[in-house]
Amino acid sequence: MFQRTNKLLIDLPEPDYGDKKAALVVQELLGGKFGELSTLNNYLFQSFNFRERKKLKPYYDLVSSITAEELGHVELVSHTINLLFKDVSDVPFDVNDTALRGAVAFPHPKHFIHSANTSLPIDATGNSWTGDNVFSSGNLVLDLLHNFFLEIGARTHKMRVYEMTDHPTAREMIGYLLVRGGTHVVAYQKAIESLTGVSLGKLLPIPDVSNKKFDTAKKFEDQGLGNVLYNWNDVGDYLGIETIFTGTHPETNASLIVKKGTPIGGKMPDLDSLPEFFAPGLDRDDYTRVAKHLMNKL
Amino acid sequence: MFQRTNKLLIDLPEPDYGDKKAALVVQELLGGKFGELSTLNNYLFQSFNFRERKKLKPYYDLVSSITAEELGHVELVSHTINLLFKDVSDVPFDVNDTALRGAVAFPHPKHFIHSANTSLPIDATGNSWTGDNVFSSGNLVLDLLHNFFLEIGARTHKMRVYEMTDHPTAREMIGYLLVRGGTHVVAYQKAIESLTGVSLGKLLPIPDVSNKKFDTAKKFEDQGLGNVLYNWNDVGDYLGIETIFTGTHPETNASLIVKKGTPIGGKMPDLDSLPEFFAPGLDRDDYTRVAKHLMNKL
Amino acid sequence: MFQRTNKLLIDLPEPDYGDKKAALVVQELLGGKFGELSTLNNYLFQSFNFRERKKLKPYYDLVSSITAEELGHVELVSHTINLLFKDVSDVPFDVNDTALRGAVAFPHPKHFIHSANTSLPIDATGNSWTGDNVFSSGNLVLDLLHNFFLEIGARTHKMRVYEMTDHPTAREMIGYLLVRGGTHVVAYQKAIESLTGVSLGKLLPIPDVSNKKFDTAKKFEDQGLGNVLYNWNDVGDYLGIETIFTGTHPETNASLIVKKGTPIGGKMPDLDSLPEFFAPGLDRDDYTRVAKHLMNKL
Amino acid sequence: MFQRTNKLLIDLPEPDYGDKKAALVVQELLGGKFGELSTLNNYLFQSFNFRERKKLKPYYDLVSSITAEELGHVELVSHTINLLFKDVSDVPFDVNDTALRGAVAFPHPKHFIHSANTSLPIDATGNSWTGDNVFSSGNLVLDLLHNFFLEIGARTHKMRVYEMTDHPTAREMIGYLLVRGGTHVVAYQKAIESLTGVSLGKLLPIPDVSNKKFDTAKKFEDQGLGNVLYNWNDVGDYLGIETIFTGTHPETNASLIVKKGTPIGGKMPDLDSLPEFFAPGLDRDDYTRVAKHLMNKL
Amino acid sequence: MFQRTNKLLIDLPEPDYGDKKAALVVQELLGGKFGELSTLNNYLFQSFNFRERKKLKPYYDLVSSITAEELGHVELVSHTINLLFKDVSDVPFDVNDTALRGAVAFPHPKHFIHSANTSLPIDATGNSWTGDNVFSSGNLVLDLLHNFFLEIGARTHKMRVYEMTDHPTAREMIGYLLVRGGTHVVAYQKAIESLTGVSLGKLLPIPDVSNKKFDTAKKFEDQGLGNVLYNWNDVGDYLGIETIFTGTHPETNASLIVKKGTPIGGKMPDLDSLPEFFAPGLDRDDYTRVAKHLMNKL
Amino acid sequence: MFQRTNKLLIDLPEPDYGDKKAALVVQELLGGKFGELSTLNNYLFQSFNFRERKKLKPYYDLVSSITAEELGHVELVSHTINLLFKDVSDVPFDVNDTALRGAVAFPHPKHFIHSANTSLPIDATGNSWTGDNVFSSGNLVLDLLHNFFLEIGARTHKMRVYEMTDHPTAREMIGYLLVRGGTHVVAYQKAIESLTGVSLGKLLPIPDVSNKKFDTAKKFEDQGLGNVLYNWNDVGDYLGIETIFTGTHPETNASLIVKKGTPIGGKMPDLDSLPEFFAPGLDRDDYTRVAKHLMNKL
């Protein structure tokens, strides 16, 4: 069972300007094979499909609780994309003004036709995310090894997209996710170690560049976010992760910590109306009516 | 931001026997075009992409909060599929015993090769769920009309799958989801009505058969679950839904109610190991070691 | 521009019994790579995209007019599938009766969930037809060579599906389409010959079995339907085909004939309601109301 | 059964110049999820699959006859794309001239490799149209509600593409289709109203911008094309639509009219040869030979 | 550059009987996500794309040479599928005999329509192999880790399919590939160890069941085939693998050996004609003509 | 069974400069519907699936041996793509330098995220190659006719891509493949002729432009490479092709020749490391360690 609150995991910088083409490549981190929809759904299905969840509680708790964080990652990348599409509409608006003529200069116009310049469950090429990206074999060591590999692949893609744009909002998000994804790499490494006795820690980091080299990741590493797992609820579920996520970080030697609950979180950005997209497509009278409606009810 | 707790939305009946072929058709309700992964991701992306979320708070709150319930629906259908695969392994196990020979009699062997007889993000034909199923135009009336149509399509598919199996676990789940999905139909109908003044209530139900005709749905209707929306958190977010989900139910005339928080929820089923699938693939020594590990840490 | 009349190309035998599994393999002839949706859309797009349609009128006329026939083929296969799904509903109907339990024995349940036991734009495996199947290079000889190959591939698939069912409705349709498809093979062979001087006639038939060997094809061959092309309109368009479709048939030596207009056509079958599918989902009162409505207006 | 004549639905302006990148976004209106191939195939399959076509003749007639118009829409968009690719070949032509070097600046080179700068059954991203876009549930109210939603979604996409190019040929086509699509929205609205008593007319238009605001649509609205349905044949079929398409237009209050037959139609554009594409790939001798051939036969 | 000889890697037992449904599940080992087409194309592309192939010769040599073996694996699985389709045609053959009626009992009829009961590049569900299955990041450690994971996933799928059929031909092939695939697991493990100093050997085997438990694998293990790598040519290329594939096997402690050239190989099975499939579709006269032709030329 | 040697089919010119956008369109010749992966896999599967390979040895030998050449073609196109991506990395490298910012100007960033600027099994639109492109009907004449058509389609695409770039490396490769592909067209034409008595030679070339018109193809034609088939092994397999590939070339009247073995081949290019891609991701210490490792072993 899931709950939702109206917060992002972190405050995203409100941009002064957009970078729509950067938005398109950031889509890879959302809907690509190694994007957040993939990590989310892998752990979601592995948690559903876990065999012997009682006997193997720590491992079940690990994939179950990380799932909740991945939902927040999906959300964070989506909002980043939306902010990168920041634009100002010409006013007054006339449909004959060819206001969207810029769309033809894009690799594809999906965000101009299917959405009103907002995120979609697609990758950077414009192809939709697919359940083919989910691996759930039921063999615990194999699933953990997969997750270890998946997180490292996801890290590699984040590092490359980081190098494609220096937009502050994109980099803030990627820096944060490099740190949190790095934590997940360690979590799966520790899980494999506790289960098999084999430590993959000395392989890390892959690629062989520390998160601390990335300006926006360094900030979050310095806050200690690379050493923390949350259990993502306030009722004491999933605390079996404490038996896995223990000892020290293989790269930094920092002590690993399990925190109860969730991060405090950041504010939810608002998106302006874009009349040339007919989004949300309401006029002043509509807003007044909704506001009145709202007041009457409350 | 999302939280997770280790509960299902309802108690699912632990089956005395499995029905693997029924499991395959139930997959449509999970990964089909009108399955729970589709409702989930539609509302998830619409909530991310909402323009003017402050001015239009009730509508933003509606799609945002229902998203959390849909996560629970995805989870519930997955666990139902897993229970329908109930089986007993022969002991002792020898890999040369052709233990999985039955797989060749299935429409496809994905649950025998890609998973250990557990759920996958696929439809009843075996094709993976795809982001093509997400509609997020940014035009509020159009998105709401889409959601109204989507929920009715999903209801139709549930009704047909209900007629394909009388397995108690499957029917309990479908009955529950018919009721909750019916509530979502009404929620979107009310949203359209409050925004445009047009009531689509008299179109309902589509198809023209009451939930109460379905044995397992009737129980949940009688508990009043067809008239309730939750806000899916304990911090007071998303309560703008109270201004939309108000008045009476178009079919039953029952008063519509918004409840804070979530349902109490039901217990999480456990799944036995299946050595012929090498799942979870651990032996008694492994379990002992994990248990010892667990004790040392706690 | 297209017109439509409420007739099938031929009378399809109303079946005494259905054969639902045969319906599923017949889908290949509708939505498969070499199915009628493919021939239709290949010629449709080639006719749109034809360069120098005035100078090369006979060839333009050929692909343009055959397109209209292919629409009728698509229609004919769809109706055949619908008749193969013939069934009788239990009356009275109760949704708790597990009326669709038989669906789980099928290779896939798409016709039980997505449609009410009627045709879909899918192949025999259950995968949707795709525009990838369209070839429209713009090079005339290459497009004609493609079409020659496509029709022969389509013939091969029809011959194999013919051998999968002896249901009279399916065989009537396949026999008819073998003859008409065979005519299209000859039409493209003649087009290549008139354009290049090279006759591919001695390659025919591929596979090396005469249509006359197929019981239901023989009837239509005997009616001379293997030697006739229509121009598919009553206003004299597309008669340039007369300069291509001339001389004798490479297998039978029969004289080739161009006829103006269309075949007389056959009756349109009706499909009963199936309450267990909620299709069309109306009750007696609804019908009465519609009937009254109808009378008032006319 | 279908007939074809060598006309477009309207005269398309012969362009003075091309706009190839606009052609690529216009592809969405042809092969996109809400493009004309989708409306065509939805109604085509719903007409095949209609249950109780006699008792429910007006509704059967509606989806059946609109299908024929949609074929003309597919044709119209394709020809528009072809005109937008207008170009002049350098003469004399040498294959070593890198004549197609411009192709690398396009979002994808499909129209430069798979076709000779002509239309393909793909969307604006370059992905092929798929039968997944067809909805044919067999439940009449649900199918009609789907069609109502589909036409509105299609309208939204047309409005957005309209804003992406001011090319006269593209805008003429989109203006015309906005008007005709708007008529189809009303047709399905009226169908739902006559069947259920519920009028969705007050929801219209969605998005909330009148067709009359679009310069090229206004012309066709002024000609009354927004109030007319055709039966698309000369033999009196499908006239049951007269009982549905009656009363007044929900936005304009104009009287709704059913006309027999089809529009008069416009001329079919010709496309020049493009030697750098080897299309049609014939030389002067070939044309002479074809011309002689033609004369000998006629 | 590649050479080909007319041999299989091993002798496959000529079956006394077929098992067509087993053939369908064996397709997973050919065209599935973890099938031989995937291992082949992963190593093929990684060998093309290798950066610093001179400095890192041993690793380049490893992925390059294993590619050649994977081609033989693809070939071996295909021939196994073909042998599993063994059947006897009724003679004399009449197309009206419904000879292929059995096809409707299969999960899908692709092998009855698209091929003449022979292998296709599809998985066990009937979906085509896709290049999406190729991973070629360019980061050497990541690519090696991927390959280690891929081979283990492939091993798991082979183990499950082994349990689905006891057909001697299928089991001979799977037994052999378990052994050879196991060798590849070790090869990638050793490559990672030599490059990073981290040994993953103690994780093996995953799943935790020795190849020796599988009857048909034991035979090949006993022949020492689990400890050998070939360089797959006679000109001394790719011998850098000797620096990687050295020391002892992590499970068996056997010494690892590099052999020059290829295995001796086994005989190529022949497939009878199947007239009901029109395959190869020639009659006695044709064969005589071909034979005469052959004699004249040689 | 296959062997591999560390050579390309020809020497590719080492470029002085890259042309990354050209690389993207060249991908069509690798992973497109008519690309080298398609010709490869068609012949590979047809060789596996050949019925009556003994009686029809010349035809079996033809498709079997050409397969080996196609592997080399796949390899050659991949290396061409890799050379077209030639670039120089800035040194020293800092991950914060936005070194990959140029990626956003590309039609899609797959080669910047999924690979380190190297080839992928995708087409020019960025979609993955799929097994749907394989045709293996089992009817010999039909398969040969398909191959004849496929090679001509592939030739057409090569000719168009040739016109998109004048990069010397790309043109060298395309020129060579036009010649070799042209030889394959003739090989299939001869095969059809020997089997059926029908010569398709007078249709050639399609499109109607001689290879000799293409500067880089002329060189290879002049070397006689358009008249030669190899048997692709040194053990005398597949020499039945001598009975098919005989007589004279239909365009040039040159004598057709079968050569034993393979071409001599060209050198294998090396690719520099690209630190901004973390490829291969090793530092100087790593190389030293590998070198030492190598020396110790040899």
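Letters A, B, C, D, E and F mark the chains as written, and numbering starts fresh at 1 in each.
Everything that follows uses one rule, which is that contacts are C-beta pairs under 8 Å (C-beta built on N, C-alpha and C of every residue); 3 or more make two chains touch, one makes a residue touch a chain.
Only a predicted model underlies this, so the values are computations on that prediction, with no experimental measurement involved.
Touching chain D and chain F together: A, C.
Taking the CA centroid of chain E as reference, the farthest chain centroid is that of D. Between the chain pairs A-E and A-B, more C-beta pairs are in contact across A-B.
Put simply, chain A has to spin 120° for its C-alpha atoms to lie on chain F, with the angle rounded to a multiple of 5. Centres computed as Cα averages put chain B at a distance of 40 Å from chain E. Our note on geometry: chain C versus chain D, Cα centroid distance of 23 Å, whole angstroms. Residue positions of chain A with contacts to 2 or more other chains are 33, 107, 114, 126-127, 132, 135, 137, 139, 141-142, 156, 206-208, 277-278, 281-282. The list of touching chain pairs reads A-B, A-D, A-E, A-F, B-C, B-D, B-E, C-D, C-E, C-F, D-F, E-F. On the side of chain F, the complex with chain D involves touching residues 21-22, 24-25, 28, 32-33, 107, 124-127, 156-157, 159-166, 206-209, 213-215. Only residues 33, 132, 135, 137, 139, 141-142, 145-146, 149, 152-153, 156, 192, 196-200, 202-203, 206-208 of chain C touch chain F when the two sit together in their complex.
Residues 94-101, 103-110, 112-114, 126-127, 276-278, 281-283 of chain E touch chain C in their complex. Across the complex, chain C meets chain D through its residues 1-9, 31, 37, 41, 44-45, 48-59, 64-65, 67-68, 71-72, 74-75, 78-79, 82, 114-122, 128-132, 134-142, 194-195, 232-235, 237-238, 240, 242-243, 246, 262-263, 265, 268, 270-274, 277-282, 286-287, 290-291, 293-294, 296-298.
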